[in-house]
Amino acid sequence: MSTILDVKRMETFYGKIQAVRGVDFTVKQGEIVALLGANGAGKSTILKTISGLIRPAQGSIAFMGEDLTKKEPHTIVEMGVVHVPEGRRVFGGLTVTENLELGSFIKKKDKAKLAQNLDMVFQMFPRLAERRKQMAGTLSGGEQQMLAIGRALMSEPKLLMLDEPSMGLAPIVVIDIMKIIKQINQQRGTTILLVEQNAKAALKLAHRGYVLETGSITMEDSAANLLADDNVVKAYLGVH
Amino acid sequence: MEFHLTTDIFVQQLINALIVGSFYALIALGYSMVYGIIKLLNFAHGDLFMVGAFVGYTVLAKLTGTGESLLGMGLAFVIAMIVTGFLGMGIERIAYRPLLKAPRLSILITAVGMSLVLENAIMAGYGAKPYIMPVTLPTDGFSLLGAKITYAQIGIIVFSAILMIALQWFVHRTIYGKAMRAIAIDQTASSLVGINVTKVISLTFFVGSFLSAAAGMMNASYYGSLTFTMGFIFGMKAFTAAVIGGIGNIRGAMLGGLMLGVLETIGTYQFGGEWKDVFAFFILIVLLVVKPTGLLGQKVTERM
Amino acid sequence: MANMRISNLHLQFGGLTAVNNLSFDIPDHAVMSVIGPNGAGKTSLFNMITGFYRPTRGEILFDGVNIVGKKPSQITAMGMARTFQNLRVFPNLTVLENVMAGMHSRTKQGLVGALLRTPGHRKEEAWIRQVAEDCIRFVGIEAYTDRLAKNLPYGAQRYLEIARALAIQPKILFLDEPAAGFNFSEKQDLIGLIGRIREAYRIPVVLIEHDMGLINKVSDHIMVLNYGQKLAEGTPQDVLNDPRVIEAYLGKEEEDEAV
Amino acid sequence: GNPDGAKSASGSAEGSASGKEIKIGMMFALSGNEAKMGQDMKQAAELAAEEINAAGGINGSKIKLVAQDDACDPQTATAAANKLVSEGVTAVVGGYCSGAAIPATGVFHQNGIPTVITAANSQKIADQKFPEIFMINGTGVHQAQMATEYMVNKNQAKKIAIIHDNSAFAKDLGEVTKKQVESAGGKVVVFDAVNPDETDFSSLVSKLKQAQPDATYWTAYYKGGGLFIKQFKQQGVSGIIGVGDGANDKMLIDIAGKEAAEGTFITNSPTAEFLPEAKKFIDDYKAKFSQEPGPYSALQYDGIKLMADAIKRAGSTDKKAITEALAKTDLKTLTGQVSFTPQGTLMKSNFVVLQVKEGTFAPSK
Amino acid sequence: MENATKQTVVLNRPKINAKSSALAALMVLAAFFPFFAGPYWLDVGFLAVFYIVLGLGLNVVVGYAGLLDLGYSAFFAVGAYTTGIFMTQFQMNFFLALALSGIFAAVAGFIIGAPTLRLRSDYLAIVTLGFGEIVKISAKNLEFTGGASGIYGIMSPFPAPSTFMGITINNLTYCYWAILVLAVITIIASKRLGQSRIGRSWAYIREDEDAAEAMGINRVRSKLAAYSVGALFGGLAGSIFAVKMTAIAPESFNFMQSVMILLAVILGGLGRISGVVIGAIIVIVLPESLRDLNKLIHLDVDIDRYRFLIFGVALVILMIFRPQGLVPESRGKE
């Protein structure tokens, strides 16, 4: 497996606050990699830095060999890196369908593809199909999350970065979403970088995982090993 | 003196209202689009209407020189609209873009600043006197139900309608239009679906300024003269029109423009010219009290 | 002590029925959880109780008074406090100022007092400050007291909302997904906080959550909503093993449940 | 503050100039809508001062002109007026907008500065009863008389329409005219207003068309006036049309279009080209600025000459003396013989009625 | 819990720090300004201080409560006209007229506020703009407001001009002092309001109306209070303005005036008192000081033609380099 994403010595600041302190990690083609860590550890910041929403102060981010650190977010999307941000951020005043259409903005010339991808998303999330014409802003929290993921899939990303996709979802939907993530990974070969608080679900899905603490990576291992690790269990998984 | 509404007067007044309303609507569109996308009350927008007229005038004065040339007129329109469109983009680039992330009202200041700059630059360059259009629209026409209607009036209404329909199509049917609406809602999320946000904002300014210039040129050629202050009052009226329709809403801007034209006409007719603005604003306030988001503006329900 | 009875509550959005003929009581001194699939109408229910949505029909009796039609501010003044599912802190104000907001309905100084800085005014200001600081300490975010709310980590913002709600000195507390985005150990902290709230304030706490581990630990009573209707109600034990609830909401994973 | 301003301010305490220089202040709009008028007036004043200085100045002192922008706005006008006071001007000559002139004259009065208002002619300026203020343009009352005389008596118009633009000056003139028309036996069938800066008057014109006036009188400015005449003629409203002196500018004809403007009457103080005495003025003006003089250039030119005359007669730069001398003025100027009433207005108005003939203003028969 | 907290009352005493003593020094300096400024700079000084009061009044509405108001000049018009009419028509005592002006303006604020409270900020902007125009046009058209030429002959209520230390103390000087006193009062009032329960309720509404409502804040009452307080300041300032001008005309209360006041509020830093003070001074002094530019740069250009062009450019540049306003935000340290 070749490395699709290679992050080296990434440091990111919000003004004077340093949120990411020299992080190194890689994601290989076809993998699901989980990024775990407490609130405020810097997980979202890492994703934001990769997708170009914030510029890193230091370090490099290579996606398929190309450096992303100086690229605009839209260019990064065009290269195949799509970020589903924390808090869903669907376009509230637009309909479900319009949200999805915008998801394929970079493929705007290909009408057939658009229709095909719409079908795919509606199949994956029948609940959205029922609500094609509803304003996204009035969807329930879970519905919005589905829409956010669906929107990202519309551009057929090579690397999909999901920031807490299970947040606020009913357990049954979480199970569904996790299945869907797996399905996206297996059937479409999409590489996935997954940030999750629901560590157990994430690690069951992932091939490998990283644990982040206050801006630095403190652990890196296969998902199976992490699931078995004492510290991880105590902090992130809990014992029943 | 008794005034009773006869058919001829009614038709005549309706045409008057439509003409003025078209100008308002075309400017209101730019107001509304810019407001919609970056929540800026672009005070300089009315001045672009004026600049458009001046660009067109200059082209006509330099190029055609003599006689009434329809071709020259067409050329002047096209150049005025494009040049003003680029000027609008340039203003966005210089004065607004650096402030897109700053507190919302600070960008209002640069907008006021740009308005002063445009108005006073034209005055410095052209002087304070009014200019006479070298080519004016023909005044022949026909009579309809006793009212006198010129071909130029029909032309203005039709041309405005075409522009507005084209814009409507652009915003609601094309992906760029949807991108504009998406940016209006959430810039970050828009960039995450691959929209080049700065480019689309630029495009919005181009389109808005382009339409404004069209209105400016039509206005100058219809009335035959132009001055460097003509943008102010139109800007204010267009802003009003945009809000009547529901600011940020394209169809609303058109409707608002036409409605303001009608309101002013009724106001003049019923209450006299000195009260017509009071009448129009009064109706506006009543309307907003009854329907707080304007005629077509929709309330975006925020979820708790 | 608070006593809330909801009867035949109904909410319609155009063609969509968000809450359908719902009746239930909020028991005293209890932690009650409202669970149910996404879009079941849980948040809408909160919105109706706190006055943000007006029910299409039905009654909400609070201490015997029907509060339907009252403004949110009036309902808050009566002793209802809530947090929001999508964080609604005041972003550009400090944590302290945020929490002081809760004291608004408990105080009364107006223009004149403020302008003249009357002794009454100063005393009340000091009191507001004091309560706010206590609440901040109570939820444990005192380290952030003077920071702008928007610069707080997500979790701290959730706690801030709780502190702000507590400053209202409520008779009932409504929490909409307070643990969303928390990891396991953070959830444990929150469970601890809810326990402390019920001890210190002795008020009913009603919460919406999707985390079964947490629900299981804190609730005395659970109500399940589905398509705006009550699907089940009872003790955690009964409800969480109810096959209808499992089918509609919990789902079955191959092995055990996600936390 | 500005060190320069502070310095000149301290020098201004006595308000008198050095023996070498007499500062005469001027104020009119140099920015904003009326900027063109201000520029025209400023140039004319420069010409006058140049002539006076070339002839040896006043009692040996040279005139120095100081112009300030009042932007035709009351608030800016008082700042401008106080600026002139600070600069230590001996006297002030200027004023185009009544709205700005009213508060500004208050400042001049408070500082005892003799002032000749050259163009602004609202009756209210005189009504303030400030002894230092003199007006050399005829006031609204004079003008309304001319207009009424022309419309009602000469053209037997019975039904009169009066249109103003709600500015201080135009509305006053409209109202005075209305009164005069009514006492002359005419009937004002429409008394209405437009907004300054507006371009579309069609709905008002439609209203006029229905009222069928015998004469319509526009008391506002030339920009709107031109458009008004154009739309008036386009819709074929009945009766004759005329304008007041606010519309006194050749641009009126250009804006209206030659054909539409034909026959329009105008009431105003004679512009330079109708005064044989003014031929030299026009030539000099053209030579110096390569422009035609503006409609109020001659009045401003006269104002400077008049003030120079008063200072000369006063024999000093003492403000009281100058004010007294001004009150006793009896001088032949380009625009006629000037002497003042006790209110400081013209003893004898020099209003005339002109008419547009083949694209220019010409004396009406 | 309630009892425990009620006992420990800490009174926050005003601290005399460097900032407030600097401010006091500045005030004394301002009070003596007439002694080293000529009438022109005194006039400009009056306008600047006048704008400080207006700016602070508008700041209550825009800066504190977050309600965009584009028709603020209407309130100062109400104040100016009230004073003008009562003093010229009824020979009313100035101080009585001043009080009445404040009250009438506050009532006007209430009237415009009441029907429009459901509106979100930008719709409010147009309603206030419309209200401002309605007030201006009505003043132009109505008889008792003196029509288009307004009211003139407002007599100075102050002692006759006298000379003191070689300086003439006249109506302008007294008006300057009067507006300065009003400015000091306004500054203190703004500051106190900002730090009070009601001031915080404005901030909550500005930040998030729904959340504020959930905290028990009656948004209607709170907004009305903001409008009325803001209008009150405007009305008082307008009253002094009328006396200073001796004549008032509708043109003084146009849309551009409202915009300039708004500029003053935002330029220095929205919501910050020192920001408003500096913003007001810039908005007035910058264009005025350009009158003297010719003398400074020894260029023979017609500067008046470019005055507002330069002002416009300056506004753009200032904002680009200081987007948060000229006075930096000091709160919420990291």
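Letters A, B, C, D and E mark the chains as written, and numbering starts fresh at 1 in each.
Convention: contacts are C-beta pairs under 8 Å (C-beta built on N, C-alpha and C of every residue); 3 or more make two chains touch, one makes a residue touch a chain.
Model, not experiment: these values are computed from the prediction.
Trainee: A-B versus B-E: which interface comes out with more C-beta contact pairs?
Mentor: B-E
Trainee: Using C-alpha centres only, name the chain that sits farthest from chain A.
Mentor: Taking each chain's C-alpha mean as its centre, the farthest from chain A is D.
Trainee: Which chain lies the greatest distance away from chain B when centres are computed from Cα atoms alone?
Mentor: Farthest by centroid: C.
Trainee: List the centre-to-centre spacing of chain B and chain E in whole Å, with centres computed as mean CA coordinates.
Mentor: 32
Trainee: What is the distance, in whole Å, between the centres of chain C and chain E, each centre taken as the mean of its C-alpha atoms?
Mentor: Distance between chain centres: 42 Å.
Trainee: Compute the distance, rounded to whole Å, between the mean C-alpha positions of chain B and chain D.
Mentor: Distance between chain centres, rounded to whole Å: 36 Å.
Trainee: Can you list the residues of chain B that touch 2 or more other chains?
Mentor: 120, 123, 274, 277, 302-304, in rising order.
Trainee: For chain D, give me the residues that contact two or more of the other chains.
Mentor: If we look for residues of chain D contacting two or more partner chains, we find 31, 35, 39, 166.
Trainee: Do you know which chain E residues sit against two or more other chains?
Mentor: 137, 140-141, 210, 305, 307-308, 334
Trainee: Which of the residues in chain B come into contact with chain E in the complex?
Mentor: 35, 39, 41, 43, 94-95, 98-99, 101-103, 105-110, 112-117, 119-121, 123-124, 236, 239-240, 243, 247, 274-275, 277-278, 281-282, 284-285, 288-289, 292-294, 302, 304
Trainee: Using the touch definition up top, name the residues of chain A that touch chain C in the complex.
Mentor: These residues of chain A touch chain C: 14, 17, 36-40, 86-87, 127, 138-143, 145, 164, 166-176, 197-201, 234-238, 240.
Trainee: Which of the residues in chain D come into contact with chain B in the complex?
Mentor: Going through chain D, the ones touching chain B are 31-36, 39, 163, 166, 189-195, 197-200, 202-204, 206-207, 209-211, 223, 226-227, 230, 234-236, 251, 254-255, 257.
Trainee: Which of the residues in chain C come into contact with chain E in the complex?
Mentor: Touching chain E from chain C are residues 50-52, 71-74, 76-77, 81-82, 84, 88-94, 97, 100-102, 104-105, 107, 109-111, 113-115, 117, 121-131, 134, 146-148, 151, 164, 168-169, 200-201.
Trainee: Could you please specify the touching residues of chain C with respect to chain A in the complex?
Mentor: My answer: residues 13, 35-40, 43, 85-86, 151, 153-156, 177, 180-188, 210, 212-213, 248-253, 256-259.
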